Amino acid sequence: MIETIRNKAKEWLEKNDGGCVIGYERASDGMTARPVFIYKPYMVGSLIFDETCVHNLSKYLLNRRGLKTAIVVKPCDSRGINLLINEHQLDRESIYVIGVVCPGMKDAHFGRIEDRPLSKCRVCLHHTPAVYDVLVGEPQPETASRDYSDVARIEGISIHERNAFWKEQFERCIRCYGCRQVCAGCYCQECFVDELDPLWVGIRSGPEDNWIWNIGRAFHLSARCIGCGECERVCPVGIPLMLANRKLEKESADLFDFEPGMDAGTAPPFATFLKEETLEKVE
Amino acid sequence: MELTYEPRIVGFLCNWCSYAGADLAGTSRTNYPANIRIIRVPCSGRVDPLFIVKAFQLGADGVLVAGCHPGDCHYSDGNYHTRRRVGLLRPFLDYLGLDKARLRLEWVSASEGKRFSEVVSSFTDTLIKMGPRSS
Amino acid sequence: MISAQNTIRPRPHTTYRSFVEAHIRQSIAQCYQCGKCTAGCPVAYTMELTPRRVIRALQLGLENELENSSTMWICLSCLTCSARCPREINIAGVMEALRLATIGKKPTPDQKKFRLFHDLFIMSFQFSGRAYELGLGMAYNVMSGQFLNMASIIPGMLRRGKLAFLPHKSRGSETQHIFQRLEGQNKAMNQAEAGTK
Amino acid sequence: MARVGVFICHCGTNISGAVDVARVVEAAQKMPMVVIASDNKYTCSEPGQASIRQAIVSNKLNRVVIAACSPRMHEPTFRKAVSAAGLNPYLLEIANIREQCSWVHSHDREKATAKAIELVKMAVAKVIRHEPLYPREVPVTKRALVIGGGITGIQAALDIANAGHEVVLLEQEPSIGGRMAQLDKTFPTLDCSACILTPKMVDVANHPKIRLLTYAEIKEVRGFVGNFKVEITQKARKVDYSKCTGCGTCWQKCPEKTPSEFDLGLGKRPSIYIPFAQAVPTKPVIDTDSCRYIKYRQWLAAGEQGKKPPECRICEKICPTGSIAWDQEPQTITEEFGAIVVATGFQVYDHRHYEEYGGGAYPDVISGMQLERLMNASGPTGGEIVRPSDGTHPKTVAFVCCVGSRDQAKGRTYCSKVCCMYTAKHAIMLKEHDPDVQCYIFYIDVRTGGKDYEEFYLRTLDDAGAIYIKGRPSKIYRDGKKMIVLGEDALMGRPIELAADLVVLATGMEPRTGADKLAQKLNISYNTYHFLVEAHPKLRPVETQTDGIFVAGACVGPRDIPESVAQGSAAAAKVAGLFSSDTLVTDPITSVVNRERCTGCLLCVAICPYKAIDCETTRDTRVVAVVNESLCKGCGLCVGACRPKAIDLRGFTSQQILEEVNSLWS
Amino acid sequence: MIETARYAYYPGCCSKASAKEYTATTRLVCKALGIELEESPDWICCGASSAHSIDRILGIALPAHELLYAGRMKLDLVASCALCFSRLKIAAAELKDDDVRKRVGEVLGQEIPGNPDYRVMHILQVLEKHLDRIHLEKPLKGLSVACYYGCLLGRPKEVAFDDAENPQVMDRVVAALGGEPVEWGFKAECCGGSHVFTRPDIVSKLSHRLLYQAKQAGADCLAVVCPVCHSNLDAMQKSIGKEYKEEVDLPAFYITQLVGLAAGLPPRKLMFEKLFVDPMRLLRAKGLA
C-alpha cells in the first residue's frame, strides 16, 4: 500500500515539474503521522500511510490554488475536495488525487495509540474515496445502514436536558477557533465571528456569545460538513462538535436527500429547491 | 398584583405579502396581542438564519419568519429558499435545546389580515403556555 | 301531492354523501355534471337514474332516490366512467359505496335479484372456499324464478365438461374462518361506534 | 455624527386614540442621537410636512424617523418631503405605529404605547445606519424586438413602428400570419380572416421601421431593460433571399409532395414552398426533411448506405436568379434592443390524446382548425367541405366541445374560451355551405362572453337550426361509413347515440411547444401549462416581472382575436412609454458585493432569481461575485445565503437589521 | 438452456369448471416457455364480483389471502383471469393503508407485514415479458385477430398496466406470433360480465356489440384473456346470434391457445374442442390445422 502511494507520487512528480505532493510522514515521536509536502521525486520515501494518518489534508489545497498538486486522501477527506470544487475554490484539473481505501483511523493520546478507531470512523459509511485519480487498495462496499445512534441519544432526552447538555458543552469553549482553522469548509476571507460591524458575536467568551458562535459555525457547515471530524479532534476542551454537525448531516440527508462532497456537480441544498417539498416531518 | 409573563416575539415579515397582510390586519382593526415586534424585509429570503439565532441569543422568546405563499413570491422563488433554510435551522435549534415551537415559518399573503392576527395570537398563546426560556 | 314529491329540497350534507366521499377519498362537489360517465356507461340505457344523476342526487342529498334506485346494482364495475371522468372522480367507486351503504336496507323489488345473486355467490364459496358455478346457477334460477336462464348453454357446458357437478374444495376451511372473524370484527366495530354515540 | 429627528403622528385620533403620543415623544427625546422629537396632528398634511422640512433645516438633521402609518402608505410622500429639505430621501425610516400598533392594540393603551415606543426605538436604531442612496440612470436603446408574427405580434410591431421606433419582428415559421392566417371566417362578424389579416401583413413587410426576420428563433437573451442583447438563430432556408424575387417557378415545379403543416395534413405542399399563397415574405424555403436532393446529399455523406435517392435539383435548374443555396447553414445574428414583446401565441390541442375519441385514427374525426382549412376557398379542397375519408359531402355533423379544455384528466383544466364561439361559427358556416346539413353540438356549457357573442350563438339555433346537446361524449367509433358518438343528453338524463358523417372536435388552445424554453431564456415566469405569467393579472396584464419584457396575446392564456389585438397594442403602448425618455432611473435598493470578503463560492450566482450576479477576477486573481445593479431587484436572497457576509442589500443591510433587533434589548 | 422463471399462480374458481381450457393451456404454454407456476394448495375465491359489493374488508381480505401466499414465496403473483387480477391488484394497493392492513390482518388471522410490495401480474404481462422464448413453429400467418382485453386490465389507472382505451400488450403478443391484430375501437369495452345471471339481456346487448364490431373490423377470431368475457363471447354467442337474428361465427380463443398453436404444441392439447364456436374450419382455412 505504502509502496503504491510512493510509486504513484514519484511517477507524478517526475511528470509534473514544480508540483507538490501532500501526504503523510512519520512524526518525530516515531509513532504518529504528520503532514508532509514533497517537491522532489527522490523524497517520496518518507511517505507513509497507516491508521495514524488522521489529518484531513484537503484544506492545504486552498493554499495551492491553481498550482499542480497531488494529494493523499482518505474517503472523508476526498469529499472535501469535491466540496471545494463545487464551491469554485479548486479546479479539478490541477489536482492529482491519490485516494486511499480507509481502514479506519486511530488517535494517539499520552504517547499511545488508542485501541478503538475514532468515533467518526465507527459510523463511517464510505470506505472508498468519492474522487480519485488513482485508487490505492481494493474498493470496499459502502456500509449500508446509517448509524445515527449518537444523534438519536441526544434527540431522545428532554428539551431541558438537551439545553443543559449543550449549554454545558458550549460554556467550555475558549474561542480558540481551532475547529475553524482545521476545517476544509471554513475558508472565508474573514469569519463572521471576527466581524466587528455588525457585531454578530460578542468578543468576550461567555455563555451567550459562545452559543451563537458554535451555532453559527455548525450552521455554516450545514449540508457542507464532510464528516472528517477534524474540528472535534483538535478541540482542546473536548466539545463534541461532530455531535452537532451530524445532526445537520442527518437532517439534510432526510430533508434534501443530500450528502455533501459525494460529487462535485450536485447543487447543494441551499442553492436549489423543490416547489412541492414541505420539509415538515410528522411530529 | 398578578405578574403575567409577556413573551417577546421578533417577526421578520416580507414587504410584499406578510407585511402587507399585517397592515391589512390593522386596516380591518383585528386585534391581536402586542407581543410582536415587526422587522420589515423585502423578502423572507433576505432573512439570514443568523438573524434568527441572534434574536434568540439576545432573549427573544419566539421568532416568526413570514413570507408569501409558495409560488406567490414577489421575487419568484425567494420563499422556497427560506423554507429550506428555516426548515433546517428549526430542527437544529430544537436539538440544541431551543424548542422548535419557538421558531415559526408562516405564509401570509397580503389579503390574509385575519390570518396574520391569528398567527400572532396563537404563537403568543403557545409561548405563554411554554413559559420563559430556560437559561 | 305530486308537486310536493317533485320539488327538490336540497340537503347538501347527508350521511350518504359523507360515506361515499370517505369511501372514494374524494369530494363529489368536484363533479360539474358534464355527463361523460353516463355517455360511456354501457348499461346507462337501462337505468332510471343514470350515473351523472346519481352524483347529482348525492350533491342535492336526495336519499330516497338513491335508496330506491337500482343503478348501483346494474353497474357492471367496468370502470369506464371513472377512467374517462374529466374531473377524475371515481364514479364506479361511488356505485360501490352506494351498494355498501344500502346493503342493510330492505331491497326494492328491482334490487332483489341482484342482491340475491351476490348473496348466493358468496354462499357458494363461503364453505368450500371456491365458487361453485353450477350450484350457484341452479340456486339462482330456482330462487329468482328465472328458471330457464341460460338454459340454452347448459347442455353445451356439460358436454364440454365445463361444469363441475360438485363444488371444488380448497384445502382447509380458511374461508369459513374468514367469515367468522369478519363478523366478529364488524360486530365489535358497530358496538364501538354505538358506544361513542 | 447622526442627528436624528423623530416626528410622531396622531393621525387624527387614529393613532392617539390608542397610543399616548406625548409619552412616545418624551421617550424618543431620550433615545441616542435624537436631536428633536415632536408630534403632529396629521404628518402627511402640508403643514405636517412643512414642520418636518423646517425642523430638518433648523436642527441640521441628517436622519429622519416618522412614526405614522405603514411605509407602504406614505413612504414615497415622506421621501419627497425630506428630499425637499435637501436631505437624501433614503435617510428616512418609518415606524409603523398605526396599522401595526394603534389599530390592532386599541384595547390596551398601555401596551400599545409601550410597543409604539419600541417601534420608534427600532426605527431610530436603523436610521442611524442609513446611508444616502442614489438612483442610477441607464441609457435606453430605442429599438424593440417582437417575438411572434401572429396577429398580436403584427399589431404590436405596427404600433411601435408607427410611434417612430425601430422594430424587429421575429417569426419561427417561414411566413408571418400565425394561426389567424389559417382561419376561414372570424366570429361574430363572419369577416373573411385573410381579408382583414393580409393587409396588415403587407403593412409589416413595407414598413420602413420594421425589419422582418422569419424562419428564425431566439438563441440567447442577456442584459436588462433598455439594454437587451439578443442572439437570434436564422435557420437555413437554403434560398438566398437577396437574389430571390419570389417568382414562384420553383414551388410550382418541385416534384416532391409532402403533407402541408398549414393545412394540418389535409393537403400537400412541395419541398420548396411558401406555406400559403398570401405568405409574407413571398419567398420560399426548402424543407430539408423531404427535399430529394438534400436526401441525396445525406445519402452521399452517410457512405451511400441504402437506396439511392434521386438527384433532383429541379428548383436549382429552373430558378431564374440562381437563388438556391444548398450550402446555406443556420446563422447567428446578435442585435440590441431596449424592450421585448413576447407574442408567441398558441397551438391547437392535439386530439390524439383522446383515445376514447379514436386517438386521431379516424379520418372523419377532425379538429375545428382542420374544418377551417376544409371551409377555406384557398384550402386543400378549394372550400368544398368533404369527408377526408371518402370525399363525400357530410350531411350530419357532430361537434364535440371542450376537447383538451376543462379536462383535468387530460391535464388541461382551463377553459379555452374561443371554442364555443368558433363551433357556433362552424355550424352557421356549414349550413351556409349546404342547407341539407344538420349540426349537433355536444357541449358542457355554452360560454358567450363578448360583444355580440350571445346574439351570434342564437343564430346557430335560429338560422342554422343546430341542435345543442348538453353532455360531454364518452366515445366515438366507426360503424360502417358512419361515426357513432356516444353521449348523454343531460337535459333529458338519457344516453344518446348519434350517427354522424363527420365529427368535429372543438380542440382547445395551448401554448406553443417551447414556450417554456423561451420563457427560461427571457427569465420570465410561466404556469404549469406553460402559459406565460403577467406581472399582475388585472393591473399589469402585458407586463412581466422582468422589466422591459412584455407579453401579449394567446401566449398568456386563451384569447380571441379582438383581445389579442388589444393586447398587442397595449404592449406597444408600454414599449413606447419606455422609449419616451432617453434614460431609465433604477431603484438604488440593490445588492452590493464587498470584494475583500467575497470567497467566490458563487452560491449567490446560483440562487439569484434575476441572473443579476456574475463573477469576475480581481487583480490578485481571486474570483468574486459582481452585481449587475440594473438587473438586481433588491430581494436580498443572496444576502441571506452569503456565509462570509460579503454581499449586502442597500437599505436593508445586516447592520441595519441587527441594530433593529439589538435595540429591542438595549 | 433458458433460465427458468418462477411465479406464484392463482388459477381462480373458473379454472375448475368453465375455463378448464384456459388454465390447462396457461400451464402448458408456460411449461413450454420455461416458466414455472407455483399454485397455492389452499387458494380461495377472490370474491369477485360480489364480495367487494357486500363488505369492503371482505373484498380485500379474500384476495389478500393469496397475496400473502405469494409474499411468503417471495414470488410475483400471476393471475390468468382478468377479474381475479383486478381484485388482487386493487387489494395489493388497498393494503398500503395502515388501517385496512390491520383490519384485514385480523380477518385473515395473521399479521400482514407493513410496507408491503405485492406484485401482481396478468398472464399477458408474463407472456409479453418472455415472448423471446417462443419458438415459432407455426406462425399465425393471415389470421386476423381482434384482441379483446375487457374493461379491467387498463382500469383504474393506478393499477393498470396498459392504456385504458387502446391497450397494446395483447396486440404485440399476437403480432409476435405472426398473427395480424386488427385495429378496432372496442378492445376495452365491457362484455356484460357477471350480469349473465341477473340481466342476461345486458350481456346479450353488450357482447353482441363486441362481436359485431370485431367482425366489422375484419377479424377472423377473437383473442380473450378472461373466463367471464370468454363465456359471454363464446358460449353465449349462438344465443346472442339468435336474439339479434344474425349468424356471427367468430371463434373466441384464449390467448394462451393461440400462443400454444404458434409454438407448435399439439392441437389436441390445446383443447379447441372445449370452445362452443368451433374454430377448426377457420384454422384449416388458414392452414393452421
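A few notes on this one:
Here the chain labels run A, B, C, D and E in written order, and each chain numbers its own residues starting at 1.
Just so we're on the same page, contacts are C-beta pairs under 8 Å (C-beta built on N, C-alpha and C of every residue); 3 or more make two chains touch, one makes a residue touch a chain.
Small disclaimer: the values here were computed from a predicted structure and weren't measured.
The fewest steps needed to get from chain A to chain C, moving only between touching chains, is 2. Set side by side, the interfaces A-B and A-D show unequal numbers of C-beta pairs in contact, with more at A-B.
Summarising the inter-chain layout, the chain whose CA centre lies farthest from the centre of chain C is A. Distance from per-chain Cα centroids to the pooled protein Cα centroid is smallest for D. Rounded to a whole number, the gap between the C-alpha centres of chain C and chain E is 23 angstrom. We define each chain's centre as the mean of its Cα atoms; on that basis chain A and chain E are separated by 59 Å. Computed from the mean C-alpha positions, the centre of chain C lies at a distance of 51 Å from the centre of chain D. In chain A, the residues touching two or more other chains are 192, 200, 270.
Those residues of chain E in touch with two or more other chains are numbered 164-165. Each of residues 49, 54, 77, 81, 85 in chain B touches at least two other chains. Here the touching chains pair up as A-B, A-D, B-D, C-D, C-E, D-E.
Only residues 49-50, 53-54, 57, 70-71, 77, 80-81, 83-85, 87-89, 91-99, 134 of chain B touch chain A when the two sit together in their complex. Looking at the complex, you find that chain D touches chain E at residues 355-356, 358-359, 361, 475, 477-480. Across the interface of their complex, chain B is touched by residues 70-73, 96, 98-101, 103-108, 111-112, 114-115, 118-119, 122, 525, 545, 589, 607, 609-610, 633-637, 639-641, 649, 652, 654, 657-658, 660-662, 664-665 of chain D.
Residues 66, 87-89, 187-192, 195, 197-200, 220, 267-268, 270-272 of chain A are the ones touching chain D in the complex. Chain contact summary for the complex, chain C toward chain E: residues 23, 42-43, 46, 74, 76-80, 82-84, 90, 92, 96, 99-100, 103, 113-114, 117-119, 121-122, 125, 129-134, 136-137, 140, 144, 149-150, 152-153, 156-157, 160-164, 168, 170-172, 174-175, 177-179, 181-182, 185-186.
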